[in-house]
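Going in written order, the chains are labelled A, B, C and D, and every chain counts its residues from 1.
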Amino acid sequence: MVVVMQERATDEQVQQVIAQLTQMGFDVHRSTGALRTVLGAVGGNRQFDTRLLEVFEGVQEVVRITEPYKLAGRTFKPENTVVSVGDVRIGGDEVIVMAGPCSAESEEQVEASAAAVRRAGAKVLRGGAFKPRSSPYSFQGMGEEGLRLLKSAADRHNLKLVSEVMDLSQIELISKYADILQVGARNMQNFTLLRELGRSRTPILLKRGISATIEEWLLSAEYILAGGNMNVVLCERGIRTFESYTRNTLDISAIPVIHKLSHLPIVADPSHGSGRRDMVPSMARAAVAAGADGLIIEVHTDPDHALSDGAQSLYPNQFDGLMAELRIIAPAIGRAICLEPVTRRGWGV
Amino acid sequence: MVVVMQERATDEQVQQVIAQLTQMGFDVHRSTGALRTVLGAVGGNRQFDTRLLEVFEGVQEVVRITEPYKLAGRTFKPENTVVSVGDVRIGGDEVIVMAGPCSAESEEQVEASAAAVRRAGAKVLRGGAFKPRSSPYSFQGMGEEGLRLLKSAADRHNLKLVSEVMDLSQIELISKYADILQVGARNMQNFTLLRELGRSRTPILLKRGISATIEEWLLSAEYILAGGNMNVVLCERGIRTFESYTRNTLDISAIPVIHKLSHLPIVADPSHGSGRRDMVPSMARAAVAAGADGLIIEVHTDPDHALSDGAQSLYPNQFDGLMAELRIIAPAIGRAICLEPVTRRGWGV
Amino acid sequence: MVVVMQERATDEQVQQVIAQLTQMGFDVHRSTGALRTVLGAVGGNRQFDTRLLEVFEGVQEVVRITEPYKLAGRTFKPENTVVSVGDVRIGGDEVIVMAGPCSAESEEQVEASAAAVRRAGAKVLRGGAFKPRSSPYSFQGMGEEGLRLLKSAADRHNLKLVSEVMDLSQIELISKYADILQVGARNMQNFTLLRELGRSRTPILLKRGISATIEEWLLSAEYILAGGNMNVVLCERGIRTFESYTRNTLDISAIPVIHKLSHLPIVADPSHGSGRRDMVPSMARAAVAAGADGLIIEVHTDPDHALSDGAQSLYPNQFDGLMAELRIIAPAIGRAICLEPVTRRGWGV
Amino acid sequence: MVVVMQERATDEQVQQVIAQLTQMGFDVHRSTGALRTVLGAVGGNRQFDTRLLEVFEGVQEVVRITEPYKLAGRTFKPENTVVSVGDVRIGGDEVIVMAGPCSAESEEQVEASAAAVRRAGAKVLRGGAFKPRSSPYSFQGMGEEGLRLLKSAADRHNLKLVSEVMDLSQIELISKYADILQVGARNMQNFTLLRELGRSRTPILLKRGISATIEEWLLSAEYILAGGNMNVVLCERGIRTFESYTRNTLDISAIPVIHKLSHLPIVADPSHGSGRRDMVPSMARAAVAAGADGLIIEVHTDPDHALSDGAQSLYPNQFDGLMAELRIIAPAIGRAICLEPVTRRGWGV
């Protein structure tokens, strides 16, 4: 930590800050310039609240010189993390596409969606059984029956399954069915939930909160990593800005920033990131071009009658077209999409 | 709902939208102007996702004409709600001040804080026992022992107690001690928790999420109200903006907006709203001048050694000075602060 | 400036940074800790772009330790600046209220507005003659004729006049009529205009841009101060956030922040800051309670037929009521409003 | 326009709104439902301020049903606009890359930059002669001498030239040298300047303000179009959000949104949009993948010693690599980059 004193700070004020730092376990180096004094403090606690010193008399600015997270950072682990879900490797050479309906609605819908996304090249089926809805009057999901349908369809089509867990009471149930547990944007700072997921070994898809800074997002990943679960995949899904034409603003720049700061893989969710079906393909292409390790996309065989998020779900033929475009783009950054020949049917059947 | 068609929309496109609306249970009135067609749709579902129609060909814009919330709105209940906590009435003529430490740390600290805030005129003691911290390495609270200390001090000083509940598993425990259950900003859209709190009859202090719109905030209140718990107090505690000098931007304008849209009382939290002790008095005065029904303020007898939020906690003498200022301001809007003569000691002893 | 190297930075990388800093005129002090190296750099240029070092290999973070502005800061001038406009002193003991119509529309309207605001206690008449409108099809102002009407009414009622200058070509003309030149939010970074206003000695009311940080705002003030014009009054008028219920979010916290960082007076504009007449009184009261040195408020004798900004203009009787409330609030912070007995008529007549 | 009355609105309140609408030249259609009354208003003025009705008693919401811009919209002109700059066509099949230094610094620097960007496939040279700097103490540009150097280098290398005009007094001068006049983000709402540029016939590159909504941006384009200059190219260059790791957040989603709402071409500026050299290639690829009609990129032969924006300028070899990646991506969306064989030297020499 570096404490910059004001130009007019008195020596007494400087001494008070030094005393406080010392008491907190820091080693302090004082550097007195012509205009002002700067104090360097090393050791001490990574989690120190810098504001505690900012409010001291005579202090101009306090600067943290270590990131507040550790396990999630490149300093701790320079090489990329690859999260393996069976034979699906997220963070490796292949861009992994996860797709499927917002929520399970019926056996037919789930089966048709799984077949469609597998045919186009997806490796993971997405689908919710418990839905967090901003209104108490909206459809709240099928519950365990939905999970059963999703798992069964995923198995039939050789897909892994990702599904959202909303509360720690649901972890055990959902883990029985899903290969990846999704933490939604609204739960990104539900620390009770994160801590519990750290005790699991199931891969976690951690969505960024709509107003979370990248640092806060990595701190939330740290909660899971600190518990011993190193299988964390980050998911950018749009931040809230002043622009309201799109539901959220998909922060494409978070992709290269995460690759710089962290070893964890990052995927993008252009469906929630734009909120409108007609914007999804553009944003999906942009995310892959920017270096995303994967995508998670809502696809519905009949979006006009979907019980949730129909407006942002692609029709299967739109998804086919998008996958064809992505196959052109991925090589520009040394990646591939869907390496195996999916047109040859027969997997897992 | 009003659906505005594009100028060049074909009649076929208009018919498709009408068919969709009809199928969804709306009565449709078509109005065809020289330039474009506008469809009015009444009946149907309050929770309808307008984007489902926005993605239809030929549609320019879809406008909801009813608020998505009902019980929280002035239309449903025109007169102000007063939430009674024993003899403390939030939303009435008196501006209610809640104050105390961020978290319980020791018996001495809790006792001294309670005595100090009561002396200055506070009616409710604030204090946390389970702390949601953005880092897994920070102090996480004293747990039930903290609650016991807080309740005991509150009783000794004739104060009510407000404390945060972070997860539905904590509701039962915290309800044994606290008179008001606080839902933190990060949990504003933890719908599992909100639904459960709707089954309680304990007053709820519902903080606004740092990136929640006022409409989303009222929808979260609706979750609690819809369960039958009408004792909801809203709390503005700062939103996230581009400005980073202050930790958050306390949205003072939310106070008159809530008073216009809703019958629920609203209090302000200038401590979290500014994040710096030296900004708290200004923002507290502003909130009362703007019409807040109360304040919740962090006060610590030794903020430099607080285990959390020390930088935004007032010293007791600062709090005394602030209360004196507020007593001048409140009459400007026909309110009072701390009606009973607290200088005469002896209450509850 | 402090340059924090990454934990894994090589000595060669450190040397390259030192070489660069030296070449740029800084004196460098190297401090090598157990984990990482920190470089302190003093001297050099206040305006140095820290990003130039951030992109060096091995650099983790670069921290500026001097504010980028100088003349606008408290370090340069610790005592408050009082801007005198004739006998009106902005930044002194009195809270100065500026009020009047958005724009001059007719002789009758200007006269009636001036009379109304003077009667209620305003000291400065506001009114525009050249209007910056976001649409090319909107009313663009009366031009010089409007200035003439405003000045004449101001003189008749013993008011000073503040009016907006949109372009440097207008400075000469508007200076002939106005006592204070207003720089609008959209022009806060029109540096050509600011530089020219620095050559003037007329007081400047510098509005904050809707997305300007406080630091950028003070840098814009610096442009004017650096030219020798020390008569700068800052004006907070709302920032753009995700919340869209109000047109902008009046950043009340900017008031105490400016008072801490700068010696310049600051006034608030609750009319543009909220955009709705029904929110103006609450926000005006809040600004004064937070310590604003003044207010600038739109008042119109017939707002329903105003040619611009009618929706945010107060009726004269609302303005009267607001002034009465402000007179109660101001003493809470040791200020007064409208010291002279305005009920006794006769000034300037 | 649609005016939605409150559920409890009285008939008298409805009549007042109808009277007001009628007086303003609208035809009003009243639709009275079981719960509330909705008024449809057609005709009248496109620029009507909806807030004027929002503040009427009994009004819940007012909805504009026509965009406030006309000439910039797809309704007015459904087919794409191609802006021709000599033989360079912006908005056609080819993605046009504009590149060069932030500002002209010397003859050698300009010549070397022009040669480098031409060799890699750029069609337009970018470079500033008058720099808008947020600090009065920063380098302010070479002025006309810089323009002369830029034009000369552009001619030698068969490049068009784009350069920024900061004030209407500069239009004549800069038009003598530049083929495209750039309006910077800070000037997006400098209406005096926009109006004057509408009288020109030189193509305009109109950057989006950092806090401008897409609607406001199109309204600024409307100022130019309304003057008769139809050669407007939009440029997304990053918006201000709460995230501060990158200087701005490049709003990639603005690209498909603009293509939907407007016929005007749109290019992206990943240099200002990210503010850091190491993020530029990712964001440039993303923009092309999302459908941008072009890019404008800062390239400097010696960025470490650039007088401005060095941190966000690419080295020439980085630019070469980026162009190679873009040539792979463009076909995914049916576009090409740099159609002519630039490896064959000899143009313009």
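We take it that a residue touches a chain if its C-beta (ideal position, glycine included) is under 8 Å from a C-beta of that chain, and two chains touch if they have at least 3 such contacts.
Note that the structure is predicted; figures quoted are calculated from it, not measured.
Enquirer: Provide the labels of all chains in contact with chain A and in contact with chain B.
Expert: A chain counts here if it touches both chain A and chain B, which gives C, D.
Enquirer: If you average the CA coordinates per chain, which chain's centre is most distant from that of chain A?
Expert: C
Enquirer: In angstrom, rounded to a whole number, how far apart do the mean CA points of chain A and chain D lie?
Expert: Once rounded, the distance between the two centres reads 31 Å.
Enquirer: Hey, how far is the Cα centre of chain B from the one of chain D, in Å?
Expert: 39
Enquirer: Any chance you could list the residues of chain A touching two or more other chains?
Expert: Only 211, 240-242, 244, 278 qualify.
Enquirer: Touching chain D in the complex: which residues of chain C?
Expert: 20, 45-47, 49, 51-52, 54-55, 68-69, 132-138, 166-169, 186-187, 189-195, 209-211, 216, 219-220, 222-223, 226, 240, 247, 275-278, 304, 308-312
Enquirer: What part of chain C is in contact with chain A in the complex they form?
Expert: 2, 4, 6-8, 29, 31, 33-36, 38, 40, 42, 60-61, 63, 65-66, 75, 78, 211, 240-242, 244
Enquirer: In the complex of these two chains, what residues of chain D are touching chain A?
Expert: Listed in rising order, the residues of chain D that touch chain A are 211, 213-215, 239, 241-246, 249-257, 260, 273-274, 278-279, 282-283, 285-291, 325-326, 328-329, 331-333.
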